[in-house]
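Two complexes come next, and they have one chain in common, chain A, joined by chain B in the first and chain C in the second.
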Partner chain A sequence: MAHAYWEMCNWEYRNLRMFLPMLTSVLVLQGAGLVLGIGLFFHHIPPSAALYVATGVPVLNLLTLGLIFEPQIVADRRAEGSYEFLRSMPVPRSMMMLAWYTVSLVPSLPALVLSLVVAVARYHLHLAVSPAIIPAIVATSLTGTLLGYALAHGIPSPMVTRLASTTLIFILFGFSPIMFPASQLPAWLVSANRWLPFGSMATIIRSALVHGLATPAGAGRAYVTVCAWGALAALVSARVVRHRR
Partner chain B sequence: MSAVSTAAGAAGAAGATAGGLSLEVRHGPRHWLGSYVAMLRFDLAAQRTWLPMFLVMQVMFGTGMAIIYGFYIGHMPVSAALFIVSGAPALAVITTGMVGVPTMVGERKMSGSWDFIWSLPVPRSASVASTFTVYTVLTIPGIVVTLLFASWRYGLHLHPNPSVVPAFVLASLMATSVGFGMAQAIRSPFVTNVIVNVLIFVVLLFSPVVFPISQLPGWLAEVHRILPIYHLAQVLRASVTTGLVSGLALSYAVLIAWTVAGWAAAAWVIGRRH
Partner chain C sequence: MLGLRGRGKSRSEAFADTQHAGTAHGVEDWVFRAENVTKVYRNGVRANDGISLHVDPGEVYGLLGPNGAGKTTLVKQAVGLLKPTSGTITLGPYDLIESPAAARQLCSYLPQAQPPIESFSVHEAIQLCGRIRGGRTSVVKRRADELIEALDIGEWRDTRGIRLSGGVKRLVGFAMVTVCPGRVVILDEPTNDVDPLRRRLLWNQIRELGNRGVAVFLVTHNVLEAEKSVDRLAIISGGRLVAEGTPSSMKSEDRGNLRLQLMLVPGCDTPEMPAFCHHATRVGNNVVAVVNENDAAHAIGWAVEQIGEGTAEEYALGATSLEDAYIRLTGEAPGDDGTE
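Our next item is the complex of A and B:
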């Protein structure tokens, strides 16, 4: 198993190595751009709004590659035929998924760190980074990647995949309380977001970066929501990739 | 008589006939107009499935962004809401002209449709004019619907004045022309795609469309006084509000200049032979 995992990590890394510098730059620019750009919406950005932006952008850094790009990468692989080649390899499918997760984390982490650095420098914030940031990053990125994996392998049509990615971008940026407080959304969207994973991902990342923005009970509930979505996505992925044609 | 010499004869003496076939070179305004109408029919028929999707996309993008900006800002004074509402149609126009049109041009490039279109026996200017007409006309309902939705969302009453007609037409024409010119002038569809994606990011975060230009750092404000995005928003805003916009003549002039630049880029590319 460990050997298969290592081999697949190697394969994914070599497959992506031409794009890794570009992907890393895109994620870094996206993170820094969001941190700086959202500040322009305000005449003088209130400190609380700046704190939400600073602690919300890392969530997007962690989700972009696994959730948004992955379905498109798989759609490309389907088109060029390497998807079938990968499925024919004598490697456990779970190890393939884990290897993809590991490699997809590589460009996301520097982007996350840089987004935080830019936010602290631009808005003069004081973050209180706790060790809980490690499980928060793992839960957020793993669930995001599993959701992307389930979408990528579950939807055969590239057109539908692209539509799903675009819809997800809109949901993430506009309709999930990631970079702004949930209280600024209408009540029905707040209720919907209590059951969706993205707002909860922001809650757990936020609770590990600053004091006072999330209660321990709220963070606990958010962990349960995120892990439940991760488990569901893992089940769907397992069902889809095990399916023989 | 061989085909070569027939062609040479036709080129040498327009109006000659060979074997009862008229080899007259067609030209003049009547021929151009006929070609333009034929190309309009061609464009509408060829894109009949894509055009409604395009309209829905721009309305969703314009109204969606108007709603989303509100979530980010939270409680806001009426003046800020008015900026968002009057800026939303600019987002819809930019989506159609500078994202939708380059995507369409890129897809036609990849499928080889342009080579087919240029081979048709119509003046190329008629083909391009038809494309501009279709997308300009299609953008205008997008502007109206986005304005209605956004003003309803924020409970505002807009005050349209007679300048809505030139404002809507010029804004749509400018965006279509620049999008078309850019996508034709840049050879690789991949590069066009990258530019379009960067453009979306720049328009949504770093452009004074839904907030005043005074909120930008000085250097960025200067850049926006040359680019068309800010002026497009100003022209549209002035047509539905009073007292928010100054220096309108300059904005119109900048938009006209960009429209002409778009036409020049398009003419330079399509006037060449492979």
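Our next item is the complex of A and C:
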């Protein structure tokens, strides 16, 4: 298993390496760009809004590769026919997923750190980074990757996969309480987001970066929600990657 | 997790079984067997209909047939990418349908599509595949170098896949799946896009696999090359296995017959074929038919007449080939140089 994991990490890294500098740059620009760009909506951005933006953008950094790009990469492979080459390799499916997850962190983490640095510098924020940031990053990125994996391998049509991942972008940016408080959403969206993972991902990241924005009970509930979605996505992923027509 | 289970074998034992491909290790029967395999897709298409065949260790077995005959469907079921509606596929003690993980470990598979190697250099891709299949680094490196030289692709050894032509990519794909081959190597159209010289080198390597005791199961449209290189072959048409045997046995029905090929003037309609011409098929500007040896003189006379009338440019009369058996059995002409 360890051998398979290591060699698949090797494979995924080499597969991405031509694009890694560009991917990292895109994620950095996305993170820093969002932090700075949203501030332009306001004449003077309220400090609380700045805090939500600053602590929400890292969630997007962590989700972009696993949840958005992976389905598109898999859709491209299906369209060009190389998907089956990889599926026929003698590697446990779980190791393939873990290897992808490991490699996708490479560009995501620098982007996360840089977006926080930009936010602190731009909006004069004070963040209190706690050790809980590590499990928060792991839970968020792993659940995002598993969701992306389930989407990528569960939808046979490349076109539908691309449309689904594009739709997710709108859901993440506009309808999930990642960069703004849930109280700013309509009531029905607040209820929906109580069960969806994205708002909870923002809560656990935020609670590890800032004191007082989430209660321990709230953070605890958020962890349960994120982990439950992770487990569900893992089950669905395991089923879809093993499925044979 | 994903175990390589086959009649009580542990995963490590099964993995070890792949490492002894080509040797006389153990006394198990390592024959690849498909028995009564039927595959009906959800839309009702019956892609495989009761196909039974076997491939012995060391045998190069060809699978021929027109487009849509079900060849690729059959091989995909062998490597665990599709599941049969009914029937069994076994390799030695392993049921490849019950254990797709075992299928992937024991079978090396080169699909029709190009491998995803845009970011990999040639030697990187081959070596990495070998290590993924469990080969030792030093052995894989040596074997990769041997394959690169044997296939005459050393010029592109350090070139990234994104810069490679389709033919070279195909050769790299072949090397990737055979650097550390399983008990069975399944090749789907391995010679597509490959130039004639390197195609010969590729066939040599396919033969070499067989000599090492690996069972090679290959899908090809290139009937003429298959005739020279395979030990046995099967012809599939409409999802059914319509013929199986050695190239000689396939041609036995054509003993006493000759092959008449008439090269038509471009733009001319197919002339009315005389009664002594059988199974006439037009491929491009060539009309191919089978004539009995006793009608050879009549055939030549008729062909000369066509030239005189300006319908044809030249003709050729010679021994029948596997292609004629293929046409007789399927009613279709195979592509030339792997194209349709």
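By our rule, the second predicted complex is superposed on the first by the 244 of 245 C-alpha atoms of A that agree within 3 Å, B and C clash if a C-alpha of one lies under 4 Å from a C-alpha of the other, contacts with A are read in each partner's own complex, and residues count from 1 in each chain.
The working rule: a residue touches a chain if its C-beta (ideal position, glycine included) is under 8 Å from a C-beta of that chain, and two chains touch if they have at least 3 such contacts.
Just so you know, these numbers come straight off a predicted model, no measurement behind them.
Once chain A of one complex is fitted onto chain A of the other, the partner contacts of A:Pro131 are absent, as it touches neither chain B nor chain C. By the touch criterion defined above, A:Ala49 lies against chain B but remains apart from chain C after alignment on the C-alpha atoms of chain A.
Of the two partner chains placed by the overlay, only chain B lies in contact with A:Phe173; chain C stays clear of it.
Once the two complexes are laid over each other on the shared chain, residue contacts for A:Met8 go to chain C alone; chain B is not touched.
In the superposed model, A:Met18 makes contact with chain C only, not with chain B. Between chain B and chain C, C contacts the larger number of chain A residues. In the superposed pair of complexes, A:Leu34 makes contact with chain B only, with no contact to chain C.
Once the two complexes are laid over each other on the shared chain, residue contacts for A:Arg93 go to chain C alone; chain B is not touched. In the superposition on chain A, contact of A:Gln184 is made with chain B only, not with chain C. Of the residues of chain A, not a single one touches chain B in one of the two structures and chain C in the other. Chain A contributes residues 30, 33-34, 36-38, 40-43, 49, 170, 173-175, 179-181, 183-185 to its touches with chain B in the complex. In the complex of the two chains, the chain C residues touching chain A come out as 1-2, 41-42, 76, 79-83, 100-101, 104-105, 107, 109-116, 118-120, 124, 128-129, 131-134, 160, 162, 173, 182. By the touch criterion stated above, chain B contacts chain A in their complex at residues 64-65, 67-74, 201, 204-206, 210-211, 215-216.
Within the complex formed with chain C, the chain A residues making contact are 1, 3-4, 7-8, 10-11, 14-19, 77, 80-82, 84-94, 242, 244-245.
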